[in-house]
Amino acid sequence: MKMLRCIVQPYKMEDLRAALEDIGGVGMTIYEVKGHGRQKGHKEVYRGAEYQVSFLPKMMVEVALPDERVDEVVEKIIQTVRTGQIGDGKIFISDLEEVVRIRTSERGIDAL
Amino acid sequence: MKMLRCIVQPYKMEDLRAALEDIGGVGMTIYEVKGHGRQKGHKEVYRGAEYQVSFLPKMMVEVALPDERVDEVVEKIIQTVRTGQIGDGKIFISDLEEVVRIRTSERGIDAL
Amino acid sequence: MKMLRCIVQPYKMEDLRAALEDIGGVGMTIYEVKGHGRQKGHKEVYRGAEYQVSFLPKMMVEVALPDERVDEVVEKIIQTVRTGQIGDGKIFISDLEEVVRIRTSERGIDAL
Amino acid sequence: MTTFMLGKRKGLLAPAALFLLAASTALADEAPTAPINAGDTAFVLCATALVLLMTPGLALFYGGMVRRKNVLGTIMHSFVAMAIISVQWVLWGYALAFGPDHGGLIGGLSWVGLRHVGGNPSAAYGGTIPHLLFMAFQSMFAVITPALISGAMAERIKFKTYIVFILLWTTLVYDPICHWVWNPGGWLFKRHALDFAGGTVVHMSSGFTALVVALMLGRRRGFPEEPILPHNLPFTILGAGLLWFGWFGFNAGSALKANDTAAFAFVATNSAAASAALTWMILDWVFYKRPTALGAASGAVAGLVAITPAAGFVTPLSALVIGILGGAVCRQAVQWRTRRRIDDSLDAFGVHGVGGLTGALATGLFASVGEKGLFLGNAKQLLEQGIAAGATLVYAVVVSFILLKVLDATMGLRVDAREEFEGLDLSQHGEAGYSE
Amino acid sequence: MTTFMLGKRKGLLAPAALFLLAASTALADEAPTAPINAGDTAFVLCATALVLLMTPGLALFYGGMVRRKNVLGTIMHSFVAMAIISVQWVLWGYALAFGPDHGGLIGGLSWVGLRHVGGNPSAAYGGTIPHLLFMAFQSMFAVITPALISGAMAERIKFKTYIVFILLWTTLVYDPICHWVWNPGGWLFKRHALDFAGGTVVHMSSGFTALVVALMLGRRRGFPEEPILPHNLPFTILGAGLLWFGWFGFNAGSALKANDTAAFAFVATNSAAASAALTWMILDWVFYKRPTALGAASGAVAGLVAITPAAGFVTPLSALVIGILGGAVCRQAVQWRTRRRIDDSLDAFGVHGVGGLTGALATGLFASVGEKGLFLGNAKQLLEQGIAAGATLVYAVVVSFILLKVLDATMGLRVDAREEFEGLDLSQHGEAGYSE
Amino acid sequence: MTTFMLGKRKGLLAPAALFLLAASTALADEAPTAPINAGDTAFVLCATALVLLMTPGLALFYGGMVRRKNVLGTIMHSFVAMAIISVQWVLWGYALAFGPDHGGLIGGLSWVGLRHVGGNPSAAYGGTIPHLLFMAFQSMFAVITPALISGAMAERIKFKTYIVFILLWTTLVYDPICHWVWNPGGWLFKRHALDFAGGTVVHMSSGFTALVVALMLGRRRGFPEEPILPHNLPFTILGAGLLWFGWFGFNAGSALKANDTAAFAFVATNSAAASAALTWMILDWVFYKRPTALGAASGAVAGLVAITPAAGFVTPLSALVIGILGGAVCRQAVQWRTRRRIDDSLDAFGVHGVGGLTGALATGLFASVGEKGLFLGNAKQLLEQGIAAGATLVYAVVVSFILLKVLDATMGLRVDAREEFEGLDLSQHGEAGYSE
């Protein structure tokens, strides 16, 4: 199994959820993160000064998948959230050794 | 070493902390996430309309462990947070290559 | 490639960002977490009682890197955030199989 | 002067009939007694608005102390009281409380729907302000009282039951007690029990009811093993600030005139709030090593409660002392209920019940402006204060107990476990307090 | 009595000249008519302060309903109205609205810069309070009206355009309508159209403009497919509480005297707010299975709007009925615009436009205190109410439409897509509402 | 009329003795001078409540600007001032400031514990309102002044030291300056220095002290290299709204009568707040390309400060100009301290010190209502204003410097590094502002 950890623009989240629902059978876990990459942050004004805010709000989307579905899902994600602008985000893929469904103690692919 | 990343019901967090403290020697890192799985979300009413809220609040609990303690801890977690209802959550287990304790620069199991 | 996941004191975040910018070419993703380890929590008073708050605010810093830069970056991080006190935090290092840059569909080291 | 026209109708009308009749019938108002004094009227108009603001203030004070998932539910307990009791008061509450007396115990139905309550002053109620304004001023007291009780129900009461409860409680508990103390025909009024602005009527009645409620509802899941911490203390302190502000209307406004009594009441209010805030904060400092913000805010409210019955009757220095007493005694009551593991979640009993009692008795000790208490040699006053406090306490506790028993058997008091975990906001109101 | 001295200057002065001249010229005030009454003055001073507070209240009410990234932008729409319109009113707004009449349609420039508006009472405006105070009271109405419209622009209007819009709108729409209804020379005033505190002038004018705005601006990206949920409902409810509080100044203060009319208006205000809050909440309960907090808060505001034109003219029971009507009709309007996918984001049209219209007509039905409506046999009053409402509606809609067309062509109405995603706080103000 | 009874006691009593004596002694009040005017009294009662609300407003204004971990600590700086100074004022503060004069410099102990301060009017203080009410009105000024200073101490002062500081500062700095300016025996009063509502007494005294404090406390760790951003700007803007609202009590209330002077002060207050908010916002627009919300809110406060000494003495147009001046000059002062890397964290100096000074001098220029300034040919007034401002500045700076030196040597001013990282909420109060 693989764990996909995708960093996407927050405003794309709703579309992404819908897209993954479409292709079916994909649970996910999301949380808010802040990212620092090529995309430049913005300036904030505070009374006597301007400050560079270097971290931008992003959304982390984690999806655990059987190996064979990885390509399909990566494709779908790219398609859904790409705008072609810097800051579109990244997908980090790593190996996932084991999954346990707490409710049933099932393990492995059945537990996804 | 292994990294356990557990998604649990937030209201079970206090019990879980106590349980892991009981078995001893387990540090952890937690954060709030939102989950989308089999468990159905709820409806929220907003003025002229009802909205499906598809993500539910969950708690992520990360525990880094030596390989030999994994089974014991997984068992303990399941025992503590299982209610038998959809939405109980999952445990994702993956390999952890190295740990460094910043304070001492210790590495490996000693750094846990 | 490797994924470094570092838990650091939140007030060191600004220094850390600057330090990693110095050594160059390092994107990162951060989020707030709460940690439970050797460092003792604090007491909070609430009307009729005192409560032990066992989780302390920490910052998670994730940095994906080519293998060869790991040592350099770990060294830099330790240098920057170490105070020598309990609670300084940890660095978890694991293998990262693949990275995709959503904007360009580039993969691997080029996508970092 | 504008003439007020209202029907000869007996009893209540169905809404549909109301619709057509409300504006179309006419009856002469009761005879005018004295001309309206613009200064007094100006003051009571503003005071009434100030007291209204106390309920949103309370909503914040309470709302900040619960967990995020219950913030709306908690705020709604106060907000809905503004809606329901404002209507109840116009329809029958004012009639029961302030209408012509029956046996010293209750008003009656002759003033239902505010019949006979018009723009001219009533000699018994203010005398120099429109009778209708006195009614409005009193309505705000009726509104906040049941909202105070909600502190004991936080994070677990069914909303539907809450609504029925406050409607019945106001009718069966508040209106009679209010009648006893403030209607010139009321039995406690006639015994010359002193309650300047509602120490017994408002605070003791709600505070002791809260204790009954807390015991009958049972504890929140997790209490007291797990820390259940306030999700937004700035809200709580802002709420306390709004309460402090509004309380000037509550206490000084109870003079019903813009005069020296109002000034005394105003100064007493501020002095007691201040000294009680200091007292509670310092005691936290001594016992928990930290001068807490919540302690200071709670103390301020406790002081405001304690001075309420005494406000217009005491000197500023006495008010400082009453504040110290109120702060210390209420804090002790909160400690006690925590040790006894009673989940009066937001301390309606400790602050309002015990604070009201402290103030009622302190009035019998310290009264020196216009009235005389024990310290000026009038022991009888203390006795009367004890009688009024005792009667209020017993009546409120007994009727509330019966009421809750009935509601428990019929509608149920608590949400189920799942809803409690989910929080009142979602389970009772279908909303989340906060989102992105 | 302090003598007020102000220049003989004609028209407006450049700031630099102002700097030197403002204090240095003198002209006798208009002749005094009656002595100042301290009670009335005290009341209107306080009422004016209360109405001022409504605008921060509105800022919170609206600010809580948008997403985090737009909270400051939304709050600023109200806050900046306090700044801009306060200045506009002193410089020329008051002159246009209340200055000597021209053809029943508009005031003129003779009172520009508050020339002739001094410390002595004006017979036409209050009579027993300083003329300047009447001006101040009215300024608060002028301030809040454009801020109400901002609910239809939330999360997407350009700030620069917003500023120009409210300045022109106040001058071209508000000031004339205000003149028609409240200036003794105004054509609606002369027809004896009743608008106690601004149902047409304030609420209909802004509410119907909001509809035009919503249609011309277009929908927010994502609306209505994605849920766009309020980021902080406690703010919204606190805002509603402040509005309720301030509305006593708005409505009762419109009596301009601390008398029985003020008391009637006060009681009507509270009664309608309460019954409307209940109505909306109960309808949510019926149709969505949940009594929502936002519904209760929205209902309260709807009731306050609906009672505004009627406040001093109706009995408490009629006010309850008007509240029920207001709550139900406004809620229906909100349902309608949602079904029609019109993005009047914070429902300025549904609540203020429709509520104001409901109230204006209801005044023609229920008036019974000092005036007579249809239910007391005076059908003509209903007709006049209809004329006033219709004229307000048509004028506001037409002028706003033209104004928005012009602004769209010149400055642009909406921020671009990127800025909308980023949020108004960052893109328009360079700030974030919240950080660590 | 209620008779006020208070002891012949000399000096202060120990709390225990207070307890018994407070209510049991009697002394005739000073002879009545004029009957109480209900209208004036109504107004000052309400104004006093409004001024009280400014302190919670300030708590929010400041509290929103700090980081989350310091929100309670910052709010407590204001809240605790309400508690401590309210008590100080009753016990000895009022006696020092307004008691019978000693050499133009200070009152004395003869009015300690409010001896001789009763329900009858005092000719010198209001004349038509209860003396006790004047005392209460003034107490609110004494409360907010030290709270203003706390802006310079944010996020790093020891709470214990803060408490001792404000108690001593009020006694040693505020009470004397207040005496000089507002006690008929005070040396600045006799020179006919004009300070309508506290430009020197309240704002300059606190603002210049803040500068000393900021320099002596040193910078927060991380300032100015790291961005230290406001955690909740909606709080800050709501706070500004409450300040604006309360300031009507502060300024118009200072007329002590519900008359035309109050109306002038009211209009001046609103006008200056508005024009200053616009000014600051527009300057941000020009220099930072963004019209910031914080700029608008800061500007409003700066305008309110600048108009304070002038409020009852100037025309609305002059007030607009003073607002523009206040907004621009204060903004410049904030720029200056930032460039100089002075960590007056929440700009108590820039806004209150500089704004108060601007207003004090502007009063000498623009005074034209009841008084004459330079622009009406009275150059002497400007001189007097300069003397009053200079004396206030020098006295406040010197005494505060000594006081802080002593406190630094004895108790220490700053929390240690660890506590600063942790935040004041946890380290000083054992609480967290927010949790789940």
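A, B, C, D, E and F label the chains in the order they appear, each numbered from 1.
Definition applied: a residue touches a chain if its C-beta (ideal position, glycine included) is under 8 Å from a C-beta of that chain, and two chains touch if they have at least 3 such contacts.
From a predicted model like this one, the values you see are computed outputs, not experimental measurements.
**Student:** Name, by label, each chain that touches both members of the pair chain A and chain F.
**Tutor:** Chains that touch both chain A and chain F, as defined above, are C, E.
**Student:** For chain C and chain E, let me know how many angstrom lie between their CA-based centres, rounded off.
**Tutor:** From the centre of chain C to the centre of chain E is 51 Å.
**Student:** Could you grab the centroid distance between chain B and chain D? Build each centroid from C-alpha atoms only and quote it in angstrom.
**Tutor:** 45
**Student:** Averaging only over C-alpha atoms, locate the centres of chain E and chain F and give their separation in whole Å.
**Tutor:** So the centroids are 33 Å from each other.
**Student:** Hey, what residues on chain C touch two or more of the other chains?
**Tutor:** Correct list: 31, 44-46, 50, 53, 94-95.
**Student:** Could you say which residues in chain E touch two or more other chains, in rising order?
**Tutor:** Only 37-40, 42-43, 46, 229-230, 232, 258, 288, 290, 292, 294, 429-432, 436 qualify.
**Student:** Give the pairs of chains that touch; include all such pairs.
**Tutor:** Every pair of chains in contact is listed here: A-B, A-C, A-E, A-F, B-C, B-D, B-E, C-D, C-F, D-E, D-F, E-F.
**Student:** Looking at the complex, which residues from chain D come into contact with chain C?
**Tutor:** Touching chain C from chain D are residues 224, 227, 229-230, 284, 288, 290, 292, 294-295, 298, 334-335, 337-339, 347.
**Student:** Considering the complex alone, what residue numbers of chain D touch chain B?
**Tutor:** Within the complex, chain D contacts chain B at residues 222, 226, 421-422, 426, 429-432.
**Student:** Quick check: in the complex, which residue numbers of chain A touch chain E?
**Tutor:** Checking each residue of chain A against chain E gives 9, 11, 14, 42-46, 50, 53.
**Student:** Could you pull out which chain E residues touch chain D in their complex?
**Tutor:** 37-40, 42-43, 46, 50, 67-68, 229-234, 237-238, 240-242, 244-245, 248-249, 252, 257-264, 266-267, 270-271, 273-275, 277-278, 281, 288-294, 296-297, 299-300, 314-318, 320-321, 324, 365-370, 373, 375-376
**Student:** Which residues of chain D touch chain E once you look at their complex with the stated criterion?
**Tutor:** Per the stated touch rule, the residues are 1-6, 15, 18-20, 22-24, 36-43, 45-46, 48-49, 52-53, 55-56, 59-60, 63, 71-72, 75-76, 79-80, 82-84, 86-87, 90-91, 113-114, 118-120, 129-130, 132-133, 135-136, 139, 159, 232, 235, 258, 425, 428-436.
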